[in-house]
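Shared between the two complexes below is chain A, which has chain B as its partner in the first and chain C in the second.
Then we have the complex of A and B:
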């Protein structure tokens, strides 16, 4: 009986918190749209002029202005902008001459693929390195890891990208060069997710898969190097803080093995702050590293956004900004949920 | 009398500072039988470090060294780190000051108690749980089934300290080191917790080292008392002979303790010039 009550109570709580989650996320997203809309209106670029060109007559100009709905009051324009966005209508890009939405569907997965592999390597290497450095605080192991992390902070991305290409592609030939796949593999697999690794695996086309991985591994590793450095530094300082806590002494006084003291008692409590660090680091990678994407001719969102900015292509800029903003919102919301799962104090 | 449980001779604990190593414990010697020993002293007198040194838990960059440190015939200094782990918890255990900090905040109380048991004994799940429930009953927790699923932030300080005691006593150690076990607790709860420790120690025939800054408390719950000051033992006597103490520091401390039926207007201030010469 009492378990039934607590069960239905728990279900109710879950539904309520899920509803709250969706509402808060939506509100944040609308806030984001207000900002992009506002930026679009204050930036000194005339959207009409950039379509008709500066030699159009006044008549042509007015027609386009009417067609774009720019004569309506701002609030009406904003509402219709929200409506458009929710229908996936982000306007037309003047630099690619295609709808921005379909452009983004092509470029974002390219960045997503690279950033995801980057963060997986970043976490997989950075977290153990940080824990290791903290466990051997003050010894030469700690010093080496600290120097390595400092390098990751200070080496410029484009330089590392170029050196990586020279060494691993041109000299050693271990990896493939710039681009997502070799030219003769392009367009072979049907883009279902836009993630080349997944698409080719789904299609069972392993030649494409390995070729794509070959292309991806170097830029992703270089991206990962920066997040390894950042994550290792943060992990180390969180861990040092934890290892000085009283309950670590308690665990040792119980006779618990050292690896268990470190991973169970030291590491578990830092998962919450680490999630923030990893989330932000992932979001930063998803923004698209313009440097890396340029060096590796990677058709990602960073590249797309830069080209759009240089061409004063407002719709493309706003669309890409919206996507990046949405990614930040989503990652933050997911971190919030993970906090609650991992930290009993925040439930 | 049989062999002493713990023999300590000339224990030194030191920490590096920019101006060289500083000894926080300077040549401490004592023997402990099956008895209750109190170590009293002010902050920084080295009493906590003595407790940790017995378990070899002084962490780098701190260093500990003793001429002799023998527990139940085992030379503690000759043990490897691995062998030490088998002794910690199982034979020598420690209750720490504040359950708010000394219990892991992200593990349930039950998981932490079970961990203490699992580290030293191979038992089935059911047996382990039964032992835990029994142990929690013996520290006067009436609804252990509910408590084991709680997290440390969900229990009160007194309950937390009783959980700590249960966790440290569940592998049945021979020696319990209680490092200021009641300093973080409410006055009303302090007596309960100490009575509990006292009762469990007597029942199980354990030895106890009670570390505290409270002379009265130690005199009440211990057989013998060491008074520490600046890393050295300045007084060693039976608890009942405390009033006969000779060292000026101990006398000063005793004089500063208020009594129920007295009419002193002012309590004397400890006059440190009597022994330190400053």
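Then we have the complex of A and C:
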């Protein structure tokens, strides 16, 4: 009987917290849209003038103004803007002459592919580095890893990209240069997921696969550098907290092997907080890809955004901002929820 | 000398001045014990000196073109080589220190007080004021900073002033969060109630009694954020949205050098070293300051 009650209670709590999650996420999305709406409709002194140009007649001006719905009150405009966004209507891009939404759908996989490989490298290198630094706390190994991690906060991504291109592409010739694949491999594989590595592997076209990987590895590694820095720093600090606990001393006193103390006793408890860190880092990579993509002519959302910026293509700029912002918020929220689900203490 | 030290370290200071000088002296002593913090201070000192004495330090004019000396590699005459218009890169980097300094100072001066005030008001009044203000803050916090700054610059138009405004708009929310959290810890303390009983207005309590107590944690955070602010400003310059040519802004210089990166590597790489050095300086100092001013968060 009592288990029944606690079960229904737990269910109720899960539903409630899920509802809370959805409401908070939705509110944040609406806040995000309020910002892009503000940037697009309120800051420009006259959005009509930027479309028709200053030599338009009064009639032309009025038609465009009506077509944009600018004669309505601001709040009505905002509500219809939210409606448009939820229907995937982000306006027309003046630089590609296509709907912004379909443009974004086309470029997003390229960014996702790079950021995903980036986070894989970031976790694979950053976590062991952080654990290593904590295990050798206070020695020169720790110091080197600490300074390396601080470099991650101080090196401009675009500069590191340029240096990487010069060293690994131009001088050493280890990797391929800018772009996603060599020009004669372009369009060979039918885009199913948009992720070139997966598409080419599915099609069994290994030439394209290796060529794409060759192009991807350098920008992804440079992007990964920034998450390595962040993840290593956080892992180190979590590990130091754990290794200072009394049960670790007990384990050591018992004569447990040092690697077991570190990986089993020390590392296991920090896996849950690390998930949040990795989530934050993944979201930050999507942001960092803007600069890297520009340097590597990578046809992703970052490149799309910067091209739009230089052409003052506001619909495309705001559309890309919305999508990056939405993904950023979503990843953050999900890692937050994961943390709560996985860590019983936070319930 | 020893009397000055005694005066500073006096346990029962006789004036407000003596007390505040004494506590800053103690903080400085603690700070200089941290070697990385000292390196940070030295780097920032170099930055400030370079900015002030740029005309004396720089061997050449930052704008003067000399087409006979285009794209020369680093030499004793041109320490860091010359760019595509024959301008000395070292001199341009020295003058660029002024731009960097102006950007970080203005961003800090705009965003820190704004964040402090919003956070303090939010924490002090609580209720709906708190909910609305923190709702806005959270929306800004949940957005990627660089993207938001890019979008604001896109709307405002390229230029160094707009870049500063855009970066400031994206920086204040973190400070608002911090100062709200600090305010909450002492909004119900006795000294606040005492001030209220004495008839002090809300504005007076906030500006005279709450803000000063939030300042130190916000200063730590601002210093730690400086590296990010410099990188964002350089990124905007690199994309052509920040400082406009011929201003010797470091990010814009890297962008110009991109064209020649394969043959004349120094044009794009040299300004990058300046950015890294200054950002690292702020990181080191911020880490040291946190240990001194905010011991609670040490090690995180």
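Note that in this section the second predicted complex is superposed on the first by the 299 of 347 C-alpha atoms of A that agree within 3 Å, B and C clash if a C-alpha of one lies under 4 Å from a C-alpha of the other, contacts with A are read in each partner's own complex, and residues count from 1 in each chain.
Just so we're on the same page, contacts are C-beta pairs under 8 Å (C-beta built on N, C-alpha and C of every residue); 3 or more make two chains touch, one makes a residue touch a chain.
Quick caveat: nothing in here was measured; it's all calculated off a predicted structure.
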Partner chain(s) touched by A:150 [first = chain B, second = chain C, both, neither]: second
Touched partner set for A:73, first chain B, second chain C, both or neither: neither
If touched residues of chain A are counted for chain B and for chain C, the larger one: C
Partner chain in contact with A:247 - chain B first, chain C second, else both or neither: first
Contacts of A:138 with chain B and chain C, given as first, second, both or neither: first
Touching partner for A:187 - first (chain B), second (chain C), both, neither: neither
Contact residues of chain A, present in both the chain B and the chain C interface: none
Residue numbers on chain B that touch chain A, as the complex places them: 52, 55, 57, 60-61, 81, 85-90, 93-94, 96-98, 101-108, 115-116, 119-120, 151, 153, 164, 167-168, 171
Residue ranges of chain C in contact with chain A within the complex: 135-136, 138-140, 142-148, 150-156, 227-228, 231, 234-235, 238-241, 251, 254, 258, 261-262, 265, 268-269, 272, 275-276, 279-280, 283-284, 287, 299-300
Touching residues on chain A, where the partner in the complex is chain B: 138, 245-247, 249-258, 264-265, 268-269, 342-345
Of chain A, residues touching chain C in the complex: 27-28, 31-32, 34-36, 39-40, 43-44, 150-151, 153-159, 162-163, 165-166, 170, 237, 240-241, 283-284, 286-288, 290-291, 294-295, 305-306, 308-310, 312, 314, 317-318, 320-321, 324-325, 328-329, 332
